[in-house]
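Please find the structures below.
Same chain, two partners: subunit A is paired with subunit B first, then with subunit C.
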Partner chain A sequence: MLKAAKKKFNMQNLIYLVFIPTFIYLGIFFLYPIYLSIKYSFTNISLTDIGNYTYLGFLNYHNLFTSGTFINSIYTTVIFLVVSAIIGQMFLGIVVAYLLSVTQKYFRLIITSIILVAWATPQVTAGIMWYSTLSYIPSGTVNVFLGYFGIHSINFLSTHLALMSIIIANVWLGLGFSVLIFSSGISGISPSIMKASRIDGANPFTRFFRIVIPLLKKSIITDLLLITLFTLGAFTLVYVMTGGGPVNSTNIMTIYQYRTGFSLFSLGLANAIGVIIIVLALAISILYLISLRGD
Partner chain B sequence: MSSVEMKNITKMYDKVTVLKDLNLKIDDQEFFVLLGPSGSGKSTTLNTMAGLDTPTSGNILFDSEDVTYFDPNKRGVAMVFQDYALYPHMNVYKNMAFPLKMKRYKNDYINKKINEVANILGIKELLKRLPRELSGGQAQRVALGRALVRDPKIFLLDEPLSNLDAKIRSQIRNELKLIHNDLKKTFVYVTHDQQEAMYLGDRVGILNDGVIQQVGTPQEVYSHPKNLFVAKFLGEPEINIFELDKNDGGFKIGGVPVDGHNFDKLNKITIGIRPENILLEKKSERDMPLKIVIRAKEFTGSGFIIIASTDEGKEIRIISDQANMDVGDLITAYIDYEHAILFDEQGDSINK
Partner chain C sequence: MIKIKLRFIVVYLILTLLALAFLIPFIWLVVESFSPLNNIGFTIPSTFTLAPFEHVLTNSTFIRSIYMGLIQSLGATFLSIIFAVGPAYVFSRKSFKFKTTLLLGVLLLTGFPVFSLLVPTFIFFIDTGLYNTVIGVILFLGVLNLPIDIWIMKNSFDQIPKSIERASIVDGAGTLKSLIYIFIPLSLPIMAVLIILNFVINWGNFYVPFILLSSSHLLPISVRIYSFFGAFSVRYNELAALSIIYTIPAVVLYIFAQKYMIKALSGGIKG
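Showing the complex of A and B:
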């Protein structure tokens, strides 16, 4: 018996050997860059002279949190996140998935495919598409359409409307993912539970809020976690559509970071922004995971 | 007061016809059992009664009111499912309160009602538990409770005992019968278990391939099956079947002619004889002898099941309260003519 136990022990140790390449890979390509990023965020390293830099302590962070542009950027990011990801993609995603679940098979297939095509579209393509849809001068598709009805052209990418426009574009882009997650969540609910709730007198509305949503809790958290990370990291779509403008109105943190690094060449500052984004993402993720622990 | 009538119900999914011109009349306060093999359309029938599904054609009447297109919650029915269908995120109390909340009853009333029903079902200690903390038997009691609190006109039960082990099953089965006696409500109960059907049903309807084969009291359908399907589906061990070809203008078993008229037009008949109606001693001159070899004896507690084969190699089963023979013995048994059931070539029963 002792021999068997010993053998098992050895086997288990062997399994760790298999993971060694993975650990090395993670170390080189994941942890080390993050370490560098954190290190540089405390320096004045510049893209023009990467070899020479001095440590500044928390100066970069101090400068960021006293800069109106950065605070505005955080604010823009939070609005973008809450409205486009949490309300738009997540909530709309549940509603669409629920509606699809009660519709006919073929209809469901067609709609799901259309929504997924959006998700599979490369972000640059999507950005250009949305730009030409919403463009003011020359008139984009929407404005041409409005023109038919004698309605004045609207500048969807103006200071006031640009944030709303990128939010809509991002919902369009990401909705498919949420619909997919919730569709599989809904198909995991036992049909007899849905039947029982109908017999018990729950109308579709009550059923949605009192049965479907509570039973989708795990899917909701999974979805929230992923789309929050996607949205915090969103860049291409917004950069193509607005470049962060006009007048910083769509200057989400990733765009601000990119400009700081590659227009102002200030890598130290850019890395500090990156660290803040990572900390923010981690904090939100942990929050979600804690709320899952209840069951 | 609630009778149920299904008139010419046909149900199709895409191009597959699941129920074919089904007619059924269930009386007020009756315990009606719908019995059939898997896929025969039992759940579909129950779902159309409940309003979870609408028939492709035909009408459903509750007390002569046409409810064919009524929503489930307008029909005043309660339903119990095979997999219990408790709401996983609500505790037992909330599960039972849910249908009452939907009807906007006052909390006092809900509380009183739940306690009352919980007492009847012996689930009072479970009220705070979540469904996943219940055993199968407890979960099904709770599901039953959720149906009972509503005071529905009609109870619909879709194989509620199938997932339970034998002991709990017979226990809840008995309770169900008592509850029905107390409540005097209409029950429609779906099962594929013929013993359960016989035990519970005031009447049993046998369904096969979306067609009602026969409706009657358990005794009627057991002793006077309308066709071979019903004869074979009911009874354990299965009924013994002998197929006979016409010989010299008549049908014979062991040299003894099968008594009966109306045989003129038939070239073939089938005789069905229940295991308990094969005799070890001749009772009448019309009983037909079978030369058999004993293959096995099974003790059932109250008697024996004898498995034997005829000289044509056909396996038959006999139920007998005594078995003073040994495996390998060659004996003569007799088909009790009085209880033999005759079928024509189509498998429909015929008069003797």
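Showing the complex of A and C:
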């Protein structure tokens, strides 16, 4: 009896063995690179001779935080994050999802699909499309349209406007995700609450700010976390559109990291930038977990 | 009443304008791919032609890059799914010490800024000889999707009622039998959706092969399009045609699988 129970117990525990291969795989190709990036961030390892490097202590970090280019890169990343992710995608996402929720079914399906096609477009294609669409010489689609209205061509990818242009392109790319999350959130709000507020005489704006937004709190936090992390890690779209230029005006941290490692050959410094990006992402994730626990 | 109607017209108008604005970037891509002209700017040609598509589809370099894109995306998808399914099942069906901690770890890796790992992985791959190999790209792409796959699969498995399995065990089937005859068939639709999603994410990934490969004949279509775009003299109509060939499968598959993903992503950590 006891023996049989023990055997059953062992058989039950065997199932935990399935964790082992997965942990080994994650360990070698995910966790080990994290360790390496911390390790190399304290060295002067260079692309020209990967075998030879010496430890520098915190010199890379010190150099970064005293470098105008890096401070500028952080500043660009913060603007990119706030305007593109928080205002452009999250806030616009709620508004669009709310407007869509009051429209007719097939109309909603068509509009949602169009927004989703943008979200599903691979970033290389999106980058090329936007580069052409905003082209100055020869005139891209936007400038040709402006010409129809007699407006002079605008150089959208110039030093002053390039950051705004990559923000618009990134909102275009990412809006679908937020609209999906908020649409499923809004469809979860009980219709009787909406009806009650209408009877109470709440106008659409009051309803939006006093009822929809508070009830969507969980969707908002989830959406905010995911799009902030997506945007912090964004690379391809901006790299294809501007390559970080002109004159570093769109030099977000991922692009700065890439250029430092592969154009300037300073892999040690590039790893330090990577570690800073990782720490930022972890800080954002922990904030998210704390705010969810508050519920 | 009139006031309400007016309000609805405004809503429809705003959304229609937004959708039209969303279509603007596609105009150049579509027009240029059927154009005999070669222009990064926007011009409507007097005639349309299929020649760009013909040139692209008869060019062995491009065909090879499509093939490379398929191998790398499918290989990585296979690895992610195989390594995710076991842990996802255990997370969903068993309760054990450290379960919440492990799940939190998986969740943190899901949101990890993986781009920043390309530099250390590049050095690691040069040291181990995995640099500039297809298997290296597959191994790294595969591990990137593993955390989110575990997460989505666990949430989906949670929705398969435990009572069905329990009933089959009461009826005399062992755990393994109930797994094979009850659980796996019920989870097949989830698997199909996840395979599609993984494939589309890998197909769309640019920076992993861009940084981990250097030989021209190994480049997948995502990187090939970029280097075509950055070349000295570009035939833009062929670039547009190639981009369309690259984009359509991703968009069609993604739209198909999307609805499911949001539902699974927003599942809880408990249970």
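Convention: the second predicted complex is superposed on the first by the 280 of 295 C-alpha atoms of A that agree within 3 Å, B and C clash if a C-alpha of one lies under 4 Å from a C-alpha of the other, contacts with A are read in each partner's own complex, and residues count from 1 in each chain.
To be clear about the criterion, contacts are C-beta pairs under 8 Å (C-beta built on N, C-alpha and C of every residue); 3 or more make two chains touch, one makes a residue touch a chain.
As the structure is a prediction and not an experimental result, all values here were calculated from the model.
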Overlay on subunit A: subunit C relative to subunit B, clash or fit: fit
Subunit B versus subunit C as contact partner of A:Phe209, first or second or both or neither: neither
Subunit A residues touched by each partner, larger count belonging to subunit B or subunit C: C
Which of subunit B and subunit C A:Pro21 touches, first, second, both or neither: second
Contacts of A:Ser132 with subunit B and subunit C, given as first, second, both or neither: second
First, second, both or neither for A:Tyr75, with subunit B first and subunit C second: neither
Angular separation of subunit B and subunit C about subunit A, which is computed from CA centres of the superposed model and rounded to the nearest 10 °: 80
First (subunit B), second (subunit C), both or neither touched by A:Val124: second
Touched partner set for A:Ala270, first subunit B, second subunit C, both or neither: second
Minimum C-alpha separation between subunit B and subunit C after superposing on chain A, in Å: 5
Of subunit B, residues touching subunit A in the complex: 47, 50-52, 71-73, 77-79, 81-83, 85-89, 98-99, 102-103, 146, 150
Complex contacts: residues of subunit A adjacent to subunit C: 11-12, 15-16, 18-19, 21-22, 25-26, 29-30, 32-34, 36-37, 40, 45, 50, 96, 99-100, 102-103, 107, 110-111, 113-126, 128-133, 135, 137-145, 169, 172, 180-181, 184, 204, 219, 222, 225-226, 229, 232-233, 235-236, 239-240, 254, 257-258, 261-262, 267, 270-271, 273-275, 277-278, 280-282, 285, 289
Subunit B contact footprint on subunit A (complex, rising order): 190, 192-193, 195-203, 206, 211, 214-215, 217
Subunit C residues within the subunit A interface of the complex: 7-8, 11-12, 14-16, 18-19, 22-29, 32, 39-43, 79, 83-84, 86-87, 89-90, 94, 96, 104, 108-109, 111-124, 126-127, 139-140, 142-144, 146-147, 150, 175, 200, 203-204, 206-207, 211, 222, 225-226, 229, 236, 239, 243, 246-247, 250-251, 254-255, 258-259, 262-263, 265-266
